[in-house]
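Take a look at the structures below.
Two complexes are shown next, each including subunit A; its partner changes from subunit B in the first to subunit C in the second.
Then we have the complex of A and B:
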């Protein structure tokens, strides 16, 4: 029973990781940029979620505001911060991204205050029994939300012309452009989708903790990097599996390795182990 | 392309420059400078802000009452981000550039411990408002502390659970930093004395907000009570997740919970949570009553433990300056050591090591507010380390 409960808790955490890491891997696949500031959009998504829910009483409306708003901000970040740096070596964009992330954290603190925000009447806090295990509605919603959103993204990538164009651009941008794909538009769409998913993750984490803090993105900012490396940098399917696996491993690790290894260290121990055995990542091609 | 980067840098420089001006701009010719390092940015900014407002309040109150030895008190404030790296240069700056006569830490243990060495070496008295690490006062005879070391509060927690509540099978959930570890050590030290059996212990890091796996395991351990260390931003999610996981045994915390924000985060789940702390909301003492009212008016939110501690530390500094009647560091130090003072956190005095002697306030959440549960007044159990 405990084992099953830990598995479920791991999947909840893994769903959050997946929603955040998918956006990162999209950006990396397309531009070879490690987009650290992505975690800032995750945090801001959480803030918007709490503020809109507190103002209107509707969590759904909050998601509908936070996701497109962060999507547009993601495009904004690409155009103002990364696009001008594309001709430079990748570490230039990485440094810009880290700087942007620090600035975002401090702006959140200045604007929203150091104490963080909470829901005045937190939605989805009742418990439901799932196969005999008690889960918060918010935890269930997190898992279902992740499945729906990432499933939708998979459909978009595999079944639509935009998806095909996007995959073609990842494989060979010059060739794709020669075939008439508007690369700038593909990049915008990728940033939009990835950032919107991060915003959804932010709202979900706000619900789970009933707390959004300026530094909420600091752990995801580096853990998501470990996840996309594990998943084989730019590989969507690999990223998903790595995210869920890490969530579950952390859940068991917290209980059985907690005295030896910090929860956040588990990700990196796992990363080192995988890279020693499979340097291309769990699912990357050699 | 470089232009963007330059703009960003310039913006950042502008921000920090304006902050510095704001902090030190109010220089007066005839004033006594008191230094304070507090986290105003970074993860500990919330506690730092409360502590600073508490300290500012004490300074304003002193100035309104004619100042100190005919001069006004002036606070010199630096942001240490609760980081030992920043604390050392800040301490050096306060000593050498600002030439403060006495300084206060409104910061956590790492930063306070690092700064304490600098102040000790320079012979400038330094008072830690709420950092718990035992090594801080061991830096030397110029370093004092107005809060409990973690071990003392941990022992008080054991008495509260084993004796007052009569719970014997206890699970520890320990925050993996000096604060949590020293609380757990104190708790374990005294557990046997109060007939407590520690059936399990789990550790978590300060960045954790998701405790699902620990909650699942604690449920299967079925303890009579849970002793969980943490700050309001970890304890809020923890308590709410324990309760929604179906665990309804008493949860006992400590001063890290002591904030209205804890109740806001945990919501209904916070009802009945009991903590050991330094501020009694239902106190009859005029000091505590005045502070609680004045802080809420100045800050716009309810007083908490760190605010009261910042206020107390500043009050000690001012009282020592008055008592010494001069700005000689040695005289100020001796004045602190000999002080007995009524403050918002109780009647305080210091032992030979510079550790505070006072009662432990036990508070409980009732109807969405902190209220008095009891007071632990046991000089033997609460004796701070002497060396």
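Then we have the complex of A and C:
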């Protein structure tokens, strides 16, 4: 029973990782930029979620505010920070992004205070039994939410003109442009969608922990980087599998290896081991 | 005077640490987001040795050697993965180091190691030692840059495949860069441990890895004088900014962002632009 419970816990954590990492991998696929500041949008999304829910009492409304707001902010970050750096070597954008992320975390601390915010009346806190395992409603909602959002993204990429144009741009930007794809718009859309998903993840984490704090993005940010590398950088399906796998491995690892390594170290030990065996990532093509 | 000594000592250690990363990232073009781990390995190793009653010079040497040896192992990773993959791998090494140290009771775990014995030197003498080592590392960097090996590093940084095609044993030179850079970081760590005489895992975390990378990048990647200047400024800036300590990290992030956004070649690039010379933007660009 413990094994099954750990599996479910791992999948909940993995769903969160997946929502964050999908945005990162969209950006990486298009621009070859490791977008560290992405986790800043995740954090801000969480804050908006808590603040709007506390003000209006509606979690759904909070999601509907947080997601588009962060989507637009994501486009803003792309236009002001990354677009001018595209012709530079990749470390330039990476370090700029790290600087931006540090600034965002500090601004959250200065604006919202160092101790974080909680829901006044936390929604979805009852437990439900799933195959004999007690889960919080919030955990169930996280998994369902992730499936719906990522399923929607999959439909968008595979079944629509925009999705086709986006995939074409990832494969060969110049050729896509020659065929009339508006590359700038594709980039905007990808930043919007990725950032909105990060915001959703932020709201879900706020719900799971009943807490948002300025630094809640740090660890997911670095871990999401590890996940997109494991998934083969820019590969959506690989990213998804890697996110869920990492969530589960952490859940088991913390129980069985907890005395040896802490949770984050387990994740990165796994990452290093995989990269040494398969330098292109678990699902990347050589 | 005591304040100036503290400042100069901190500055000197930062210069050694930054120049050590400059060998790997600046000269040889191999990005590292986990360099603070080697600083930490040197610090913990040296601290454990003086704590067991052995002399300070031996501790410094041991920190230097241990960091260099582990550095070669991590360098092996740079033979397998490149660019962004290497960045993430080295970041992982940094987190792995933290995770291991936190779980080891004999290293003080989360609480850190306190009561590290004094180096036996007075504060001014310790400062002099740090500055002499910093000068030696500077001289070594300047020499290396103009040596055969420096040119090989340049070619590896510019285009690894072409370098290999020209008959250069790329693996050997990458490992050499990692060995030298990480060993010097270990040396800086040993000095740090005996300067502050207290170390904990958080002193060697991701923020420190980014800080030292910032010194290299803000200075102008590959440029010895630029990196020294940046290390000096960025190491004392937090001390000078104590009076606005609440906004310290905010300013730091803003500085990183602004330099990258508006002058990606760092201070060395700015100086070059003022002199009206055109500059390469490649990693390891000559300055």
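In this text, the second predicted complex is superposed on the first by the 286 of 286 C-alpha atoms of A that agree within 3 Å, B and C clash if a C-alpha of one lies under 4 Å from a C-alpha of the other, contacts with A are read in each partner's own complex, and residues count from 1 in each chain.
Keep in mind that, in the parts below, a contact is a pair of C-beta atoms (placed from the backbone, for glycine too) under 8 Å apart; a residue touches a chain by one contact, two chains touch by 3 or more.
The structure presented is a predicted model; accordingly, all values stated were derived computationally and were not measured.
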item: Partner chain(s) touched by A:81 [first = subunit B, second = subunit C, both, neither]; value: both
item: Partner chain(s) touched by A:122 [first = subunit B, second = subunit C, both, neither]; value: first
item: Touched partner set for A:160, first subunit B, second subunit C, both or neither; value: neither
item: First, second, both or neither for A:101, with subunit B first and subunit C second; value: second
item: First, second, both or neither for A:262, with subunit B first and subunit C second; value: both
item: Subunit B versus subunit C as contact partner of A:279, first or second or both or neither; value: second
item: Touched partner set for A:171, first subunit B, second subunit C, both or neither; value: neither
item: Doubly contacted residues of subunit A, that is, touched by subunit B and again by subunit C; value: 81, 84-85, 88, 96, 99-100, 103, 106, 218, 259, 262, 264
item: Subunit C partner contacts - residues on subunit A that touch it in the complex; value: 28, 32, 34, 81, 84-85, 88-96, 98-107, 110, 218, 222, 225-226, 229, 233, 259-262, 264-269, 271-272, 275-276, 279, 281
item: Of all residues in subunit C, those that touch subunit A in their complex; value: 31, 77, 80-81, 83-85, 87-89, 91-93, 95-96, 98-100, 102-103, 206, 210, 213-214, 217, 221, 246-247, 249-250, 252-258, 260-261, 264, 281-283
item: In the complex with subunit B, residue positions of subunit A that touch it; value: 1-2, 5-6, 8-10, 12-13, 80-81, 84-85, 87-88, 96, 99-100, 103, 106, 109, 113-116, 118, 122, 125, 127, 134, 136, 139, 205, 208-211, 213-216, 218-219, 250-252, 254-255, 258-259, 262-264
item: Subunit B to subunit A touching residues, read off their complex; value: 1, 4-5, 8, 11-12, 15, 41-43, 45-46, 48-49, 176, 202-205, 207-210, 212-217, 219-220, 233, 236-237, 240-241, 244-246, 261, 264-267
